[in-house]
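In the two complexes below, subunit A is the common chain; its partner is subunit B in one and subunit C in the other.
This part shows the complex of A and B:
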């Protein structure tokens, strides 16, 4: 059982050339074998394709756009992608369980609305943050409970809760308004939006910490192993006695918490909580695109933090380069769509469907 | 004596009135002009001080004069807005007040409504399709005036780079279309002004912030940012402030001039703001509704138009009285 779970958690089955070789026994050999599995191009063609595209685009942009290949611009790319990274962490864990969280952006806006309203009303930032975290946990529990115990498919339940949360947020918290001003003069808001830790923007450090936490959750905890087992074969995981229901609940709580952190970072930076991110924005699609482009299949059971980084790199570099090139939003969406389709088509060509991958929910 | 003189004068006036020599002042139109009449207002979304301010003033007129006024909120959903408009046409009101999100979205339906005898008042954002009336800002004038101000602040003799970033809301919205055209017409006469970026923010402060932060990184000597709407320009202004360039980069915006924006002028997020005063626009729209219900009609191929007066609010001469606010609920 344990061995089986370990294999699942690594999520890649070995048939790469390197992994077949005998690298010796012991810790070093095991580590080499493990990494050779992880880095096998045969196992992960999409990731290599996306990396290749990213590298090519980066080189083209560096050649064409003045000011692109600078440290300052790198910091801007990192800062502008922080929310995307954090949201993608939550979404990735959900997708690895073969789930989907369509309510993530609604949760983000609802939680940051509460955070902003409390701050505007003069509450202490610690109380505002605690309230935001508490609300995120409640909303995550609601999603998890609907999916795990009421057994409503994730797609439908999170779609429903997305609408419910958006409605409650607009008419309950915001009293019909759509914007909350965040007092940027508060030291904590100033620190989150402009502060630096060892020369790195605080928001980027928070993003990195969430990435590390996600990696630890997936690779070093029992919950992480159950997550992969559920994604690989939910029925088998359940029949072997794993607590899949509770795992589902915690996974959606984790997703809601990432939405909470992303919400606080975005609202601190822009000085507003904007309800229209739910109705107008394309953020949810960007989050799913990052996860899928990075190589985390919607059918679950595969992927990790490395995949997220690959996906975010491509989207962030594209977005930054196109902004510097002064391309309109519509053209940017067009290019992002083309890149996504190209990556999937190339992946399908290199990695044709077989009996394992030709399943429902496959890309 | 005086009493009897007064009495005689009163009797004389009454006699003259009865003879029709002196007319008793009448209201412009009998109440019957409004009786049973119905107006439907379809805003892009309620919950914005702009639309709330308009609705409040129009509703005041409706209550005062006894016609029916109803708000049907599209809540930022463009597809829903088209459906709401179609439903409103079916309900056959006397007037539809349309707040166009883009120049084309409701064009066909406005034509359809007018052809069915439903008058359409377009408020602040025009469509490509003309209708009976328009009340709102003159976007070309604002675009021109802001551009002239930018030229004065960033052009020849200013010692500045002349670099300008424009952050429209949506490139197909009337305000952005007209302001972009007017702004570029001014800049074309001033080759020292360079527009380094002109990217729509989809009205979102966070998107405006990201665009501005990126542009500032590439152009640290940027002279001005012109956001087409105050709300999303808050994000752009915060990007300027966070980059420590609040003293060297001027942030321009336009909008309805409510307290929320003025707070941002006080905080140094926005430097110069062209306000069309949404509260005043609401009053103008209410008056226009009454005229339309009384039968006012434009000349063939024209629209009845009321252009909103502008208030220019600058950080250096700002006073809280330049802004307005909705009464507390």
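This part shows the complex of A and C:
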């Protein structure tokens, strides 16, 4: 029960590392201080552990698996993990506010099935995309409203909206089917799935853009400041007069938008919208794993885009390696489950919770 | 001057109109919100609404055969719901129940068909498998302290992975197995006393868990930890152990459910238990009326589950697909959670807004007092001797015993005694702990006291206090439980020993009685305590702030002051059911206590004076409501409590004299007076002194106890 005592004590300690040295007062000095703080191993042990593990696994795979350490495989890894990167951008922002969005995959599937249906009905791609974005915003607003204004705990409300969105979408849009086929021959689909921009696959470019946007959102905007403040101490943030309610709404809208982009990329790449990713649902766990393993603590208030990259590296290498080793999907799920549990345990060890100050629904 | 001979007098007096407007929408809302059972009623209401709709729309849904099928197919999921309740009650959640359920079903099938173990061993091992997964969950959340939702999400996919891998390897073999066992078949298909065996298992589990929550230490610990973790730790509960065990017990129950499922289906598919956790959670949330840790209502939870199960079943029968039902479950979940959150948050606000419920009240015009009126400027109370100044705080009522000692209650809950003859010596007679108001001596010279907030008490000597009654019978038209006597105000004792006393208002406390005037509703009642049978009953309900009580000189009638209507009512003690008639009406102020006078008349204390403005305000409830909401209480329009007085009426209720105080005191807000050997003693509920004036033309030998119980007992 002494869990609460050592919480967050290490993040404010002086460590005698680079950040303590005098690098001048200018922008360069402050940049160095800020980055050296971000990269300090004492303050961020998990990130270095995960990086170390990733490196080890990569080396082991490179030796064991034929065709792992090739440029072609690297491109595949990058392309396969863009959806994961984009989704985890949204999830990270939500988790930094000390929330959780369990409905992200449902939103993604709902949005992309609308997108796919409109395209296969012959609508123009711009209309389809607009409709997709519009739907995503609506669903994000729904989530945000339930959490910020009705004040249902985020875990429970997104759990419920996940069921609601998936059920209604499959019933209303898909008439009970679980697949929507997307005409792959359409130029826009072709462009998203196989096109290249200055030699880099378009989807990877989109992923990078989303990463940059998330970074800007978190670091350069008022909303980003509020996001960190809320995650650190929600009540303090509210009492300071920050518009925490609207910030919550925008955060869930952002999460839904990332789900929308990821959905369009995934469905374009595979040519289908597969409903089973909601029900068998390992994608959601992968997203949470990326965020947690990257070192963004579930208690909120800490972390940034760099953490996402660390997390994605591990997961995508793991995923790719296991696929190349011809492990069945079930075994992969099993491994992912175990990795998720260990990630949660490690997160809990490094950032202990004080369960006694939990509010209702803070599960 | 007795009333007995003059029976024409009483029947000539106008009857008091029966008070209406006791119920109003506002009042029903506030009373409902005040009740605690209203939350628990939600699952019952939804269940009965659903059942009614089905009865109307579907023929034969509740036929015995269908009910039996429902019981057979739903009991395993119902057991899982109870398992979820265990975990939710401790402040956690278990999303892995669906996977655990599937894995346990598989384990049972494997052990039975492939390992060919005896069914009892298979049963034990299956349950052990559930317990083991429960242990993992409990270890992660309880011992390590991880977040329950994500940790069990992790075990959910891991266990699901194990199940899928294992079932792919063995399910074909299992389905081709031909092993037959009577016990296995019995559990799966047979009925015991006309009810499926699996349903009996549910009944046993339900009762066991109910008893556990109700009577065992472990059950209490679970609720304590779920209710307030910190308080539970401070109480010395080993949190980690309790959390671990509750997850393990939950796992055990899921194992049992899995076994029942295996025996019934004799197979398991890849979709076994998928989505079960959401289904179960929806039922639980509906049953508990929200996601509330620290509550172990097994029956409400099962009712919520039954509602969801039957709803899903009916929808499927009606041709809806599973996806629609999923969506509906999500919607129900959100709706219940939203209502719960909003209700929890807004309840007190709505209550505070809706509680005050003014009604129209027309007060009789002030009767012509002639020369006795306050405006005449006479101040007969001026020059009163002041007794116990600063030593008695708020003597609402004063009374004297045969020896002439003076008693009064105080604001801090004591009964003070001031010794005759000069009343300089003051001592604490008894400490009551409430707010002593009306006083009376019974035949044996015990002091009977009305204590606001407590009830009717008897003081037989210094610090010898005994409760006579604190509750009356419940009135059936009231939503609020009105058994408790809320503001016992004044009493008097009839010759047969029955004690008549008033409960001035059922809706407000001693500190907030002023709001009752603002409301102007008949919230009070006249009660009767029978010392012989030790029973209390409500003699007359719905009276407007009944205050002073006085048995008439002939001992056959009862006077009750109705403060806000500025009138005195009279009851015939032998015919109480006839209701009251007016004894005096249109008084110039608000009457408080009434007491006997030596000349056969009555003293009436006026606590405050009416004014035309407040009389007008009483006719406009909307005005008073707006005032109460927009103006701070210090600025409310109210009766004039700064000046008071005493009226003297003759035996027929005609005011024959008035004693007014100066406008600057010292005896403002006079609430009681007693005549004793030619003197009048005056008390005031907000005063810090007792006044005494000598009366001219009064019987110098007359005193209260003699008047009631005749000389020398």
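Observations, loosely collected:
FYI, the second predicted complex is superposed on the first by the 314 of 363 C-alpha atoms of A that agree within 3 Å, B and C clash if a C-alpha of one lies under 4 Å from a C-alpha of the other, contacts with A are read in each partner's own complex, and residues count from 1 in each chain.
We take it that contacts are C-beta pairs under 8 Å (C-beta built on N, C-alpha and C of every residue); 3 or more make two chains touch, one makes a residue touch a chain.
None of these values were measured; they are calculated from a predicted model.
Touch criterion met: A:193 reaches subunit B, while subunit C stays clear of it. Contacts of A:79 after superposition: subunit B is touched, whereas subunit C is not reached.
By the document's definition of touching, of the two partners only subunit B reaches A:320; subunit C does not.
Legend: residue contacts after superposition of the two complexes on their common chain; A:176 is shown touching both subunit B and subunit C.
When the two complexes are overlaid on their common chain A, residue A:214 makes contact with neither subunit B nor subunit C. In the superposed model, A:158 lies in contact with neither subunit B nor subunit C.
By the touch criterion defined above, A:336 reaches subunit C but does not reach subunit B. Measured by the number of subunit A residues touched, the leading partner among subunit B and subunit C is C. By the touch criterion defined above, A:67 lies against subunit B but remains apart from subunit C after alignment on the C-alpha atoms of chain A.
In the superposition on chain A, A:104 makes contact with neither subunit B nor subunit C. Shared contact residues of subunit A, touching subunit B in one structure and subunit C in the other: 170, 174, 176, 279, 281, 328, 330. Looking at the complex, you find that subunit A touches subunit C at residues 1, 3, 100, 146, 150-153, 155-157, 159-168, 170-171, 174, 176, 279, 281-282, 285, 288, 298, 328, 330-331, 333-334, 336-338, 340-341, 344-345, 347-349, 352-353, 355-356, 358, 360-361, 363. Subunit A contributes residues 65-68, 70, 72-73, 75-76, 79-80, 170, 174-179, 181, 184-185, 193-194, 266, 269-272, 274-277, 279-281, 320, 323-324, 326-330 to its touches with subunit B in the complex. On subunit C, the positions that touch subunit A within their shared complex are 91-93, 140, 144-151, 153-162, 164-165, 168, 229-230, 233, 239, 274-275, 278, 281, 291-293, 321, 323-331, 333-334, 337-338, 341-342, 345. Looking at the complex, you find that subunit B touches subunit A at residues 45-48, 75-77, 171, 196-200, 202-206, 208-211, 213-215, 217-219, 231, 234-235, 237-238, 241-242, 260, 263-264, 267, 269, 329.
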